[in-house]
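Before I ask anything, let me first share the structure, which is written out below as structure tokens.
For reference, chains read A, B, C, D and E in written order, and residue numbers begin at 1 within each chain.
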Amino acid sequence: MSLLLIQNLVKRFGAITATDHVSLEVEKGEIHALIGPNGAGKSTLVHLISGLLPADGGSLQLDGQELIHLAPHQRVAAGLSRCFQITSIFPKLTVAENLLLAVQAHQANSFRWFKVRDKDAELKAKAWELAHRMQLESEWNTVAGTLPHGAQRKLDVALAIAATPKLLLLDEPMAGMGPAESEEMVELIQQLRKDMAILLIEHDMDAVFQLADRITVLVYGKVFAQGTAEQIQHDPRVQAVYLGQEDELEKEEGAA
Amino acid sequence: MDRKLVNVDSPPANPPALASNAHARWVSHSVLAVLVLLLGVFPWVAPALGLDYYVDFVRRMLIVSMAALSLNFLIGRAGLVALGHAGFVGVGAYAVVAMVEGGFSNAWLIWLVAAVAGMLISAVIGLVAVRTQGVYFIMITLAFAQMLYYLAVSLRAYGGDDGYTMYSPLLLWEGTDAAGNWLFTLVLLALAAIFLLISRIERSYFGRALEGIRDNETRMQAMGYPTVRLKLLAFALAGGIAALSGALLATQNLFVSPSLMQWNQSALLIVMVVIGGIGLRWGAPLGVAVWLVLEEVLKQTTDYWHAPMGLLLIAVVFLAPKGLAAFFAKKDSAAKKNSYQRKEGNA
Amino acid sequence: ANPIKVGVALDISGPFAGPGAEIKDGLNLAAKLLDNKLGGVPAEFIQADTAGNPETARQVADRFIKRDKVDFFTGPVGSNVVLAVGPTVFGAKVPFLSANPGPSQLAGKQCNPYFFGTSYQNDAMHEAAGKHAADKAYKKVVVLAPNYPAGKDAVNGFKRGYQHTVADEVYTKVGQLDFAAELAQLRAAKPDAVYIFQPGGMGINFIKQFMGAGLNKDMVLISSPFTADQDIIAAVGEPMVGIYNASSYAHDLDNAVNKQFVAEFQKAYGRLPTLYAAFAYDVVMNLNAAVKAVGGKLDDKAAVAKAIKTAKFESVRGNVRYGNNQFLTQDYYLRQVVKTKDGLITNALQPGKIFTAHQDSFAAECGMK
Amino acid sequence: MDSVFLVEQALNGLGYGLMLFLLAAGLTLVFGIMDTLNLAHGALFMAGGYVSASVHTHSGSFLLAIAAGIVVTVALAAVLEAVLIRKLYVRDHLSQVLATFGVILMADDTVKAIWGPSPIMAPTPAALSGPVELFGFLPYPSYRLVVLAAGLGAALALYLLVNHTKLGMWVRAGASNRQMAEWMGIRVNRVFAIVFAMGAALAALAGALMAPISAVQVGMGESILIPALVVIVIGGIGSVRGALIASLLVGLVDTAGRALLPPLLREVLSPSLAADIGPAVASIAMYVLMAGVLVFKPSGLFPAKA
Amino acid sequence: MLEVRNIEAGYGASQVLFGVSLSIAPHQVVSLMGRNGMGKSTTIKCITGALPVRKGQIFFEGKEITNLPADEIARRGIALVPEGRMCFPNLTVREHLVAFARPPANPQKGELAAQAAPWDLAKIYELFPRLKEREHHMGNQLSGGEQQMLAIGRALSTNPKLLILDEATEGLAPVVREEIWQCLWQLKKEGQSILLIDKYAELVNNLCNKVKNIEKGIVQ
């Protein structure tokens, strides 16, 4: 049975139905891409899955466990973790403190009000491991807010995977990254898939087609198409509403 | 470029040390020790120096500092700007009244009850309050404090607006009143203990989590923190400490009146904390000391004592934006991350 | 010898800054006339601001006693302040002559050899007003007071004097701004008379809005003397004309002491004195007489207290004397706000007395003889 | 309690509500829209009250008094803005509270030094001193009608200014993201100065209009500050419509609490107990309402910034 | 029309720009390329007056604009689509597009600029129909991409002499990206001067008259 099972999920913002009876499944170990025009409801869907927005209807199961009525932190405990479209870290804290917070959420009881956190060698080791994995060691004591954009994105991902989730939700991880950084991010995601399934939102098609096993296309909040990377890539309807014909464009421009 | 983004190999052992302010902490603790010693002997020598009035003055300063400490914890660590803290001070004070009316006189028991009462009531209020953000939180805490105030005003049994006078001091134990130098010493020790406790909590798992909530609550939720419950605990804790200070105040004055809970008392607490320095270990006591001493002095020199105080506030805002304590706490990395940040508008 | 010290806890700022200033002026005038001597001994009046806050007042009292070692205490405007500082002052056996409020507690069960109701007993003014309403045989009377102890005392006092049941008791918010709702209730109730106790700004708000609603045509407005004295008149003006109020002092009382006081006061401050100023003046005169009586020897506290109680002093209220509870028994008069032919708006003493040598109704509960 | 009485009380409630809005109007602009927590707003209110009251007593002309009150207050506000507030826009709310609290302290002492501690005379314009018959059966203070009209006027003007003028858009933009607004070519400082002056003018107007029906005394500013903040918060910070509706709500609830609650309680409780509880409840009604609203809508009735 | 003479700048202690020079002639489209964190956005912050220039000078249309206030520079005709969109959360889409609108500055006769219809609400909605659908949404009620479109529309509404786009196609669906590129081509034809930062090297190279590379905060 599938890892994540979404059925008829609905979210309305006043007149708009941002998520319109969306149903989709994510299998264990797969990278499932979620693409679609701007405003199709991709981020909204991620908010719904992670619980930061309350759904107006539908069901949401992880490993058979119903999550729809759980608070965000309970969903994390259940094995869901996410990144944000707009980088969301702790800009005033150092990288180390950022990572420690992320690790602490799962490795320790945050209601312990007497024991000094920073003395916890285990936590520190875990945080350090994360920093190493993301090649952020050199920035260990840097204040996160002053990191370059790319590094901040990496930190954002690190905060999410600290939970060692069953399913990772990535909302446009390549956003604001140059080609080089994008490549690296692709590589990172390839690494991560060994440990967790991933639901990936991305407008960088090269990345999507490199990574995704299956793709769901959202349009106006509805599931518009679903299938393997190849199927979607060559689906004329999808090309019309979303992919377009970049190669053609370049020809034309070359001419111009 | 051959630089790889991800290392798969296991990391080099023992991570580098974290940025820490151990030194600043050591300094502040020694300062504390010295102060406690100096203040500890003060009441015993004061009469000889003809300063016995100032014993009560200093004791009041200590008690207010206690409330301010808890407020500074709330604002500086959890980012919860509570404009109703005097309400909880009042709860503590009236808890004493209630106990005395009920025929109790054992100070320890009464103080305990007061602190617990403060915790419970602030927990209940917190259930509603901590779900709101920013100015809404400020105003809802104010609202509840005002409710408590008007409740006290119309409580006939406890004197209402006239206040309630206790004619015999509480007892520490048989034959020893909770008054005079004994009370002074107790208050001093209690304050020192709470000071240490709070700076300890700030470094605990709980304290760090609060810090995270202060800086980016949504992220904390998404990382799996029960943010509401964490904030609630902080709120209740602060409420309890405030109530305790209120109980001690009542014990000292043997008099309680609603004016204790007026909204401008809450505002004054915030003012003192900000003067001293939000999120700074010594912010609260310093702010309280500066404010009360100035008030005492100015009041005796001129009828128009408000104006200079006002000038002081403006001066602090521009000359010491991080509070007076920041001057001493340069190295204290806590200073770097203080202050209740206004949310930037952009989406 | 070192000078006599009088601790004066004033309302220089805060809600009662107005009355506070009156009291200050009354004291200073008296002091000036006695060229800063009490019973011939040089005296020093140490003044401090309580901002009308009981906690602050306690600290002030504390300082007066512990640091300045004052021989006498006076000054506060609010009952709650008097009750707050009481224990501290009495504990140090420092005579406390109240220039304004006389809380029922201190007149009755908790009466104290070191407290003196040199001014009046809170309820008495309201009792007098009630008596007046009864004399006028107003059938239907509504009373209106803020919802705090002094307000409740006022209502009870009035009812005691009125002796019939009042048609309605309306309790308002402390510091209320808008009275439209209450005024509507009054219009609906159509009473013969309405009695209000609304100290400070509340009174001003009420009277302005009462007149604005034109209710003065339908019912008689009787107010406590505090809401109908010079300071309030100065703030409200024309609309005040016609209001009745009962008081134990009036600036046009016909006795030599008062004539001199009023003249001096007008000379010094260019306005008519209020009852606050008058009572403050009396406090100093009372002290003066007492110190003279003990020949300036203030060490025997009990003797001093006794002297304050017994020493005959020249009161602006004519002949007054302390009762067993050390509150003054005095006469109460009816005043009405009028516009004199030269356009001055002020209180005019009405013929006759409401009470003569009236002793407040708590004296009986007081243990002292 | 007959229906006429109820109608009248309802009107009183709405009336009080509009009065509250008038008091809150300026603050809605400065706090709600410019996101600057200016406690000194109360001081400006007081300035308007004192100046117009004195001018009125001396000149006898009410209109002149209002004009003078507004002009002087706006002048003061301009100075205040230039030397202090301007530097506070970019600071967090706490700094703003601290500094403007300082201004209050200084203002109160200044007023006391000039006009003395006692309340001062603020006459009602003779023409408006009496009541008028509303709908033939309801005598209503004619001056109040002026206040209500002013309240409505302020509401309308504010709504248009904030939501339908470029100035309104610029100030909202500048408040939410100063840098970006400047990048779009907006002189944010100038825009804010203008809007702050408008806020001051509204404060002064409120002060001038309230003077004849309330006490003009030191500290009159603080007493209106809390209710003003409350209605803004209930309405949703930054929403003029919200502030108006909240004002009316508070007005109605408060009046109902004072006029209808005591008799009801007397039906069910012993008179003395009713006399105790009734007013107590009435005095906290406003706060209960706010708490209640924030429980269900944590950012007010009409959250402007979703 | 824009002339940057090796400027230096940084944030507090950390210097980021160590001498950046570039010039844009009228009707030219110039691009600044470089890895993350090299100082592209910083350079733009300097040009637009958001970050003090520590050394060097900047000229616009012959007049020096070094360290002028940001709003002054904007009113001289430089419009920016900033990194991270920065839409106003409390303004509606429509308000974004009308509040700051300015008519084109004195289109000289015979100039290419004169032929182009000036940017107004209609023309912008034509470019981004999506925005018309969301006309009454608040800035923070838009999807990332919608915000990006809005940011571009907002800049165009001022009919700038120089348009600066910092990663303007970021987070846009491929189709929309195409449209934007076509729009850029269109603007170029209309003679709009543009300074462009974008990661799609190929497309950039096709479009731009000049591509400058920034390495460690230096541009020759």
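Of note:
The rule is simple: contacts are C-beta pairs under 8 Å (C-beta built on N, C-alpha and C of every residue); 3 or more make two chains touch, one makes a residue touch a chain.
Because the structure is predicted, anything quoted here is derived from the model rather than measured.
Common neighbours of chain A and chain D (chains touching each): B, E. For chain D, the chain with the farthest CA centroid is A. Chain centre most remote from that of chain B: E (centre = mean of CA atoms). A count of contacting C-beta pairs for A-B and for A-E identifies A-B as the more extensively joined pair. In whole angstrom, the spacing between the mean C-alpha positions of chain C and chain E is 75.
Separating the CA-averaged centres of chain A and chain E is a span of 29 Å. Computed centre separation for the pair chain B/chain C is 40 angstrom, with centres defined by C-alpha atoms. Chain geometry summary: the mean Cα position of chain D and that of chain E are 43 Å apart. Among the residues of chain E, those touching two or more other chains are numbered 84, 86, 88-90, 140-142. Shared interface positions of chain D, defined as residues touching 2 or more other chains, are 108, 112, 175-177, 180, 279-280, 283, 305. Counting partners per residue, chain A has 86, 180 as the residues that reach two or more other chains. Chain B contributes residues 1, 3-8, 10-12, 15-16, 18-20, 200-201, 203-209, 211-212, 215-216, 218-227, 229-230, 233, 237, 336-337, 347 to its touches with chain A in the complex. Residues 11, 14, 34-37, 83-84, 130, 134, 141-146, 148-149, 167, 170-178, 181-182, 185, 199, 201-203, 206-207 of chain E are the ones touching chain A in the complex. Of all residues in chain A, those touching chain B in their complex are 50, 52, 71-73, 76-77, 81-82, 84, 86, 88-94, 96-97, 100-102, 104-106, 108-118, 124-125, 127-129, 131-135, 137, 140-141, 143, 154, 159-160, 162-163, 180, 184-185, 187-188, 191. Considering their complex, residues 166, 169-170, 172-173, 175-177, 179-188, 238, 304-306 of chain D touch chain E. Chain contact summary for the complex, chain A toward chain E: residues 13, 35-40, 42-43, 85-86, 146, 148-151, 172, 175-182, 203, 205, 241-246, 249-250, 253-254, 256.
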